[in-house]
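First subunit A sits with subunit B, and in the next complex the same chain sits with subunit C.
What follows is the complex of A and B.
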């Protein structure tokens, strides 16, 4: 085996085809898209070199600013929600349900495997106010409150998206974090208990520090996934009302394929990549500190 | 040990591989073959349509087994649909890949059609029809509307519809509430108040797609400022943010805020809005005469076709426009791709032009921009009335977004529901639409 992996030709033959496919479907489009940021136009009308004009437009475009604000707000709220609920669920699995957690884990994980569009249609019906009244509004009316046009204002539509995406993904983070917590040796937990650590103290002093690597991975997973949110918003609100729930990805998609400006669309994609990079670096740096040292 | 020359060699090899890949991709993403003049071209007649429009596809299906059976034998007809909102996006992607079907519903944004024409993606049809002696099968009014819409002297689309737009009303609900047909905007407001207090949705509107609400703004502008008001905006001599234009958006915002469009208008889509009107829940509906097919269908229309009336968009007191200037359009024009346009598709074109008008009038009661030679004996009175209105209309106007850019059109429509629910002021609405039109 060593002799095969030590042979550079063998490595080239083994990796070559996959690397070529990866290069063609990932690297070339990325480089291509980066090149488009310097052009204006589309495949139908042709391209015109515009230099850094697309970047200047991005920093002066109020719609782009709104999309950045929405994207960051959504990413922060959803990451906190996903990780916090996922962590609480994982603690529930490990310390309370213990070996009986299998069924609950499966049930909580179930929404993860459902198609996004199906979940979005479900939530559209749940929160519907016209032409039919959905269960949520029926409940509000039953308890004497007025029904709410959930998708009629950006504020309420935002919270419906957040609720839906947390419901859809909390099970995934719960399982991910469960895998990290279950790995903590029983002896350490036992000795902490003997030393008098209970409840929150045990979590704060023992469980949290020891599950930090998987927690950090989950946060990076979550923040990068939520910064690139697209399908759930498209299917649930289509970015509306108006552009009230339009993230950068949807704005990029519309700019490229509805407004037919591939150059500016690529610029938005480039800026989103930069935001993802900056946020990831920020999380890495801020978590270098050892949490056990307070 | 790796020497500098080996490194350079590898770098050159890597660049060569990436370059070859890029060239291969370029080859995939552009080019394609256009049928040689006189060649058969595409072996199938493929048609792409929005899922909400079933009229054209069903008429083409009927023609494929009757008058166009010879053309269908040479190039069998097939069709596929795509969700309404994604139609323009899909067409752009297909055009970018040089993979447009033989025929398709024209993009909803006229500016996009102009781009397709400029990019050589759309087949000019006038010359082919003239050669075949079928030039006269396109009504001159429909042809000139298409030419004005796409700013071209050529004929790049077939007028599968020739529509007038206005407000359709439920005669019984009007009579029950002692409402006379509103001739002015103020009378319309008063009618909506009466209907609201009677527990009826005054106006049904498709807020989800937005165009149905933005039509009110455009028509108000035409009535108030005259038929050339939006041309001035397109020419740059006026702006939507000018106070006289903002007044129109404010008027529609006030109408929406009063509850005239019912609850949660942003959640109502095209089918829901038609259903609200045709089931008697709503008293009025702004719509084009393309919906005659729905009005004439007893399965959909439970209020009865005799119960549906048509009124032109009301006048605005002191306005320069006239109630006789009926908004009109060619509905969903049928366009043909340059790629694959050979004798096979020409045969389809030469069969559609003389036969489509008669067939769609007979089967669907839809008035098209084609010359008709047969009037069905059982033509519904409502359809006959629309034909008369078209014949007696002294002049016509376009619609709010007709001269807007793709971005302007999208922004105008996606924000229209917010205007109608009071979530946005008229001034803010006009500001973002004007800004969208001004961006490249």
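What follows is the complex of A and C.
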């Protein structure tokens, strides 16, 4: 039987095409791109071997440093934001809305499927200050505050990006976390209630520890996605004002395609991959330790 | 990681006692629920209002945008802005490009991905664990890692003037997640099914086609939907591998409307956003439960 399910020819037919495309269009380029880090130049002018000088440049380049700082800051703030709000939403679904939560869940989820560029263009208008005054600034003026030129400084532009991406993704994380909380056995919640646990006590001492696994995997998904932020920044602020909101992905894109420096572009991409890997491993390790402790 | 979208398991609470309650207790109970209700109301406004505002805005004129407050309704609902989007904005071409690039890639992803998932999960051979891991690694690596070599190849082979670079790249980028998800779905099918088919004399390809494929048909549809959203909404690949406005996809074309330089044409911008949102929104209205389930299952992509 195993000789039939281990038929080499069938394996080749079924797996071959996928593996071939994947190897040629992803694996080979990944290795190729790693090779580029040792060169300077581009596809049109040709390449010149420069050794590790691209990495030296990366660690001394203030623009690269700013991009790393922005990327990490964005990833941390957004991960905390979308997981926290997603978690609160999921608690709302499970404990207050209960069976009626279906419609709300569906409505809050929907921005996830909208194209990022469209949402970004919409948020540009929502936060506009001149010449037309957008809803957000109108609201600020109505409650007696000054309207803000949101895209005028990197600080405020950062928060618009964060708010937009939370708007887009909170419903998604809420559904993800909801699945984890719903899996908690009723008996445990019931017995905790009988023991007198109420409200926040119940959440903190019973629900939170028991939904920790799904919470932690959500954090890993979130970090991994947010470190690669590109679309929302490009479409919303285009990295500006100046280069105040430029993440590594966008810096890589500019270096490669505006300044045609493939070597340095590849180096930035390589460092980004490294950061993703290190962060994921770090979270995996620290969570495993925590779980065994707790 | 599987998300249930069926009605939540009933969580029993203290049944409110059916004994008579004094009116004041009823009032205090209503008051206690009030903050939650306000919160839910606020949540809905924040989620829904931007879209309503968008839809209304797509009918307003430039001067209505500049001279009237944001909540003002347009004086009349005519389609001028939409006409502008399709004539001067060239949106018809963008939509055509998106369809031409996305659907062939989607078909390839599904055919290759389902077959590979079967080979990696149902079939028995040395090294399949390693190959599955290899595919899994592809989910993690940022797309920036493959842009430059691919650009070089597409440039040298003169593919840049066509939509082939998009089709090829989308296919490759979609495969890891599809293979991973399909392997998970095949794992849920009892092995006895395939062993019985084998005992009945079916070849592997036959049992893939007649046993495996029909059993995961639903899963394939879900995975296809997930991949559709990822590819359809893609911006990075679309702006990297297209060198003329004739080849731009919807997302890349929409970027022309950011109005970084010069005055913003509000009406057409709003109409263009509406057009680009319309497709995914309609699909979501019809298939939301399945989409929520699928995207949650595919959340490893981050």
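By definition in this document, the second predicted complex is superposed on the first by the 276 of 294 C-alpha atoms of A that agree within 3 Å, B and C clash if a C-alpha of one lies under 4 Å from a C-alpha of the other, contacts with A are read in each partner's own complex, and residues count from 1 in each chain.
Definition applied: a contact is a pair of C-beta atoms (placed from the backbone, for glycine too) under 8 Å apart; a residue touches a chain by one contact, two chains touch by 3 or more.
This structure is a prediction, so every number in the text was calculated from the model and none was measured.
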item	value
Subunit B versus subunit C as contact partner of A:30, first or second or both or neither	second
Touching partner for A:85 - first (subunit B), second (subunit C), both, neither	neither
Partner chain in contact with A:160 - subunit B first, subunit C second, else both or neither	neither
First, second, both or neither for A:272, with subunit B first and subunit C second	second
First, second, both or neither for A:43, with subunit B first and subunit C second	both
More subunit A residues in contact [subunit B versus subunit C]	C
Which superposed partner A:152 touches (first subunit B, second subunit C, both, neither)	first
Touched partner set for A:259, first subunit B, second subunit C, both or neither	first
Partner chain in contact with A:239 - subunit B first, subunit C second, else both or neither	first
Partner chain(s) touched by A:129 [first = subunit B, second = subunit C, both, neither]	first
Contact residues common to both interfaces of subunit A (with subunit B and with subunit C)	24, 27-28, 32, 43-44, 131, 238, 257
Residue ranges of subunit C touching subunit A (in the complex, touch as defined)	1-5, 7-14, 36, 39-40, 43-44, 46-50, 53-54, 57, 65-66, 69-71, 108, 111-113, 115-116, 118-120, 122-125, 131, 134-135, 138, 140-152, 155-156, 168-169, 171-173, 175-176, 179, 194-195, 198-199, 203-205, 208, 229, 232-233, 235-236, 240, 250-251, 254-255, 257-258, 260, 263, 266, 269-270, 272-273, 276-277, 280-281, 283-284, 288-289, 291-292, 295-296, 299-302
Interfacial residue positions of subunit B with respect to subunit A in the complex	17-18, 21-22, 24-25, 29-30, 85, 88-89, 92-93, 95-97, 112, 115-116, 118-119, 121, 262-268, 272, 275-276, 405-407, 410-411, 414-415, 417-418, 421, 423-424, 432, 435, 439-440
Complex contact set, residues of subunit A against subunit B	20, 23-24, 27-28, 32, 40, 42-46, 57, 61-63, 128-131, 149, 151-153, 238-244, 254, 257-261, 264
Residues of subunit A that touch subunit C when the two form their complex	1-2, 4-8, 10-11, 13-15, 17-19, 21-22, 24-30, 32-33, 36, 43-44, 89, 92-99, 101-102, 104-118, 121-126, 131-135, 138, 167, 171-172, 175-176, 178-179, 182, 186, 189-190, 193, 214, 217-218, 220-228, 230-231, 234-235, 238, 249, 252-253, 256-257, 262, 265-266, 268-270, 272-273, 276-277, 280
